[in-house]
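Shared between the two complexes below is chain A, which has chain B as its partner in the first and chain C in the second.
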Partner chain A sequence: MAYELQYYPGATSVAENRRKHMSGKVEKLREISDDDLTLVLGHRAPGSDYPSTHPPLAEMGEPECSVREMVEPTPGAKAGDRVRYVQFVDSMYNGPSVPYFRSYAASINFRGVDPGTLSGRQVVEARERDMEEIAKFQMETEMTCPALASLRGATVHGHSLRLPEDGVMFDMLDRCRREGDVIIMHKDQVGRPIDKKVNLGKPMSAEEAAKRTTIYRVDNVAFRDDAEVIEWVHRVFDQRTTYGFKPEN
Partner chain B sequence: MADDRKRMFAKHMEIKYTKEHGTNKMNGGEITDKTVEYYRLGVDQNPRKLEMKKAGKELAEKRGLVGYNPMMHCGGIPLGQRALTPSFLSGTDDMVEIDDLHYVNNAAMQQMWDDIRRTVIVGLDMAHETLEKRLGIEVTPETINHYLETLNHALPGGAVVQEHMVETHPALVDDCFVKIFTGDDELADEIDSQFLIDINKQFPAEQAEQLKAAIGKNSFQAAHIPTIVSRTTDGGQTSRWMAMQVGMAFISAYSMCAGEAAVADLSYAAKHAGVIQMGEMLPARRARAPNEPGGIPFGHMADIIQTSRKTPEDPANVTLEVVGGACMLYDQIWLGSYMSGGVGFTQYATAAYCNNILDDNLYYNVDYINDKYDGAATTGTDNKIKADLEVVKDIATESTIYGLENYEKYPTTLEDHFGGSQRATSLSAAAGSAVSLATGNGNAGLSGWYLCMYLHKEAHGRLGFFGYDLQDQCGATNVLSYQSDEGLALELRGPNYPNYAMNVGHQGGYTAIASAAHAGRGDAYAVNPLVKVCFADDLLPFDFSKPRKEFARGALKEFEPAGERSLIIPAK
Partner chain C sequence: MSEACSAANIVQLEVFPSRLLKPETAQSLLNAIADVDGIIRLFVHGPRLPQTVPYGPATGLPVQHSGNKVIEVAGQTIELSVYVGSIRIEVADVDVKEQVREVCETILTMPFEFRVGHFIPTRQTVTDYAKRGPGADPMMIGMTDPKGKLKDNPVCILKPDDIPNDME
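Our next item is the complex of A and B:
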């Protein structure tokens, strides 16, 4: 019998959503054009070439190396792209993703990524075109709600702040706004104004966000109600503790 | 347990987030609201920021070089896009501006560290044996009193023995003094009361008996060199300054020959053999002298804070005062300045001692423990629960989920602890301290700390900054290890312990957990009875029995520090 990946314990919708994020089998909800993505990331002008830090690998005359032969370079590495970042901030008010599960999703489903996980933000650094691939994947799928998640290179504390009345996560730098029934972004990740308003799509309704979220909250799916997850955390705790306690050594 | 308890943070959250006061513009609402209107008023909404803005402008004009300018923030978008709320010091009703909790802006915080750094304990017994057995000089209570009178002249910088010496001005070193303490009631009775830390008066009877039994017939000097000296030099100077003046005082008080060989023995005793530093020196990679904060073990810090002799019936309060003092010292001063720099560390630390959020969590835990474990969180030794992993899991899990749910039910608390590191510190300090209170075992409490970190990370899908992921995921593995460089009793661990050396937001919590184990038992001290007695002194400028109140006084500019230089600078 083939082994089936388990990913994560738990019997609740939050646990199920976490499994989805980790597996990469998430629903696509919207389209972001390549040029719009480039604009909001703010690393280069739309349509411009990828700046490179070295010639394409094929022109480099790489040394003989079994590891290099075994591991296929990512497209960005092949082309010699520089390393750039995408950073997401997720509201704790039922934002669809959370920092750890963005990192797990990146590590499991994408190659050549360097995820960093903090409380308010989650960053992935990668060769530029590889980074754009994972950025686009997250922005277009149920991993992101344009009102409750946002690209932010700096000032990320909106994640824990009360929601403004329009339901768009607080942003000190006012990068995103609700216009009509969609969310637009008029500044790039680090808050520099951009030439056009980028349509990020419709925000999730409160009900949809509650259904798709990966955060436990007492007013939605309470952590204390997911007994299997707590039991699993206890098991990890037991094992780490007793592993270190080895008086016979 | 029923969820109808009044939250201890409710009043502070209401004032901070729903009521207008001064320039704090609010739109009402409830502390449970999930939405709010943000006014984006910038720094002009806050009186302290306005004062600083004006001072920055004046500075630039005066010196012809720009300085503080809040419009430099984020390309011209200043702080204050949400409300810049003041804070309450936990356990008090004192509301302060948050800027005034940076130690640079708070004289009480500076003095707390000054008073620790300039303190050293020196045994008297070796010196007395040298005098009696080697030189045949009789040592009596009268000679001891004379010696202490001499030393209280010499220690601040008064000359003895030699002629035509420079001296320090007494008004600049008025915080410098030495007293003695002993476990010998008969000797204590003979000592002039001005020189004595009277254990029987400073401590409740039961604690006094514990301390006297631990100290025995031995006698020790509690020496505090001048703040101004300590600030100009470093913690390593404390024992050297003290030893020089102790040596001179012995020569003078006992009419010794200034150059006789026995003086070397007295010096050796004062400089090395009989000295108890507040902190050990650090290795080269974090090189600091003795008596610098990175070398102060958590157990010493727990003993430096004096709340345990004031409210022994309320061990949670003892723990929370220790949190305040230790977070300030270890996070704001040690990690926030010695090891790093700037302003961010204040934000971590204040979360643990402001606005009663941690207090509420810990007192809930006390109720939970007392209900479930038959009063185990009340002060005592025969009511404790056996420290095992099942107990750790039960208490730490309940504590953590209660704390997490507060952030979820009261969005203003989530906004107050707007960073995950702040939440992680508060939650884990509550969980760890609760386990300590119930078991009387600091390492069990530490175990609760780590479980809390795991649960928090899993519930919210996030924890603190990168370091929390690193240290707090591997920490459980060394909780019960006593192998060298891996583990120790929590009381003996410290800021330089492997894995803890860069743990911002942790070390104050660890200190609290160590303290809680002993406060819960009603112990007079956590690890060192000498340190506990040394700081039981009302003459110290900083009141170590209520550090949070002192920080409030500092923020409100009511605290009178030592070591001021106004006597020797132009009057303004």
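Our next item is the complex of A and C:
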């Protein structure tokens, strides 16, 4: 019988959502066009060619190397794209993802990525077209709610603040706004105004966000409610301490 | 502003809504609180809204945040440079405290915390002393951003007629 990856312990909805994010088996909730994605990322003009830092690998004449022969380059590396980044911020108020699980999702399901995990934000660096693939995947699926998570390349302040009255995570650069029942982005991820308003889709209701979140919260699913997670966290900490303990020193 | 009141009875309050307040809601709440008799001073607290982008490739571009509006409280115009997160108030006595609580319950549509405590400094810090000197008005202590410049953070006197002569 083939071994099936388990990813994460626990029986609660939060544990189940964490497994979904890590395995990449997430529900697609919205559609964002390639041009809209390029606009909000702000690295190049929509419809323009990908600028490159080196010629395509096929033209470069690579040296003989068993590893190069064994590992298929990603489309971005093959074409010689620049390395570019996408950065997400998730609200602590039942945001659908958290930096660690965005990083797990990127590392497990995509190749050629360099995820950076910080307390309130998560950045992925990759070749431009590979990065766009990850950004699109995360923005179109249940890993992102346009109100409780947003693209923020700079000035990321907001993940730990109370939500404003309209439920859209505070952003001091005002990149996202609620217009009617949808969230629109009228600036790119670093705060430069863009030519058109990009529709990011409907935000999740409070109940849906509580159901889809990967954050343990006392007012939703408490960490202590998940006995299996507690058991494994204890085991990891216990073994880390035991293996780090060297009495002969 | 109330009439001269006994320092022993003064109570400091904090209204802490579960959501950050829109400028319109903040304006209604501040107006209603300003109408209560016995409010000595208050200040609004919250995340700052910059006029221009402070970091990154867009540094210097105007932000034009929807929360950065001019509101009118008790006939005075005030430019909100923060998204209102909490309001800290000094009131004359506990009776006024209950009136403020009633006002908040009427205006705010979301749950809020209502705390009594020590929220506004009563003694000058070294920075205050350096800025205002030894003869500073005690009512102004703790009323401006300690990191900002005094000229950029004017204290708004809502009801100048109510200030007792000995405090002017």
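Observations, loosely collected:
Everything below uses one rule, namely that the second predicted complex is superposed on the first by the 246 of 249 C-alpha atoms of A that agree within 3 Å, B and C clash if a C-alpha of one lies under 4 Å from a C-alpha of the other, contacts with A are read in each partner's own complex, and residues count from 1 in each chain.
As a convention for this text, a contact is a pair of C-beta atoms (placed from the backbone, for glycine too) under 8 Å apart; a residue touches a chain by one contact, two chains touch by 3 or more.
In this text the structure is predicted, and so the values were computed from the model without any measurement.
The superposition on chain A brings chain B into a clash with chain C. Look at A:23: by the touch rule set out above, it reaches neither chain B nor chain C. Legend: residue contacts after superposition of the two complexes on their common chain; A:107 is shown touching neither chain B nor chain C. Legend: residue contacts after superposition of the two complexes on their common chain; A:173 is shown touching both chain B and chain C. In the superposed model, A:154 makes contact with both chain B and chain C. In the superposition on chain A, the chain among chain B and chain C reaching more residues of chain A is B. Touch criterion met: A:164 reaches chain B and chain C at once.
After superposing the two complexes on chain A, the stretch of chain B that clashes with chain C is 77-85, out of 59-67, 77-85, 221-229 or 275-283.
According to the touch criterion, the shared surface of chain A, contacted by chain B in one complex and chain C in the other, consists of residues 154-155, 157, 161-165, 170, 172-174, 191-192. Here chain B touches chain A in the complex through residues 33-38, 74-75, 77, 81-82, 389, 393, 397, 401, 404-405, 407-409, 411-412, 414-415, 417-421, 423-424, 447, 450-451, 454-455, 457-466, 469, 474, 476-483, 486-487, going by the rule given at the top.
Here chain A touches chain B in the complex through residues 18, 92-93, 97-101, 116-120, 154-155, 157, 160-165, 167, 170, 172-174, 191-192, 214-219, 222-224, 229-230, 233-234, 236-238, 240-247, 249, going by the rule given at the top. In the complex of the two chains, the chain A residues touching chain C come out as 153-155, 157-158, 161-166, 170, 172-174, 177, 187, 190-193. For chain C in complex with chain A, the touching residues are 17-22, 25, 47-50, 53-58, 61, 63-67, 83, 85, 110.
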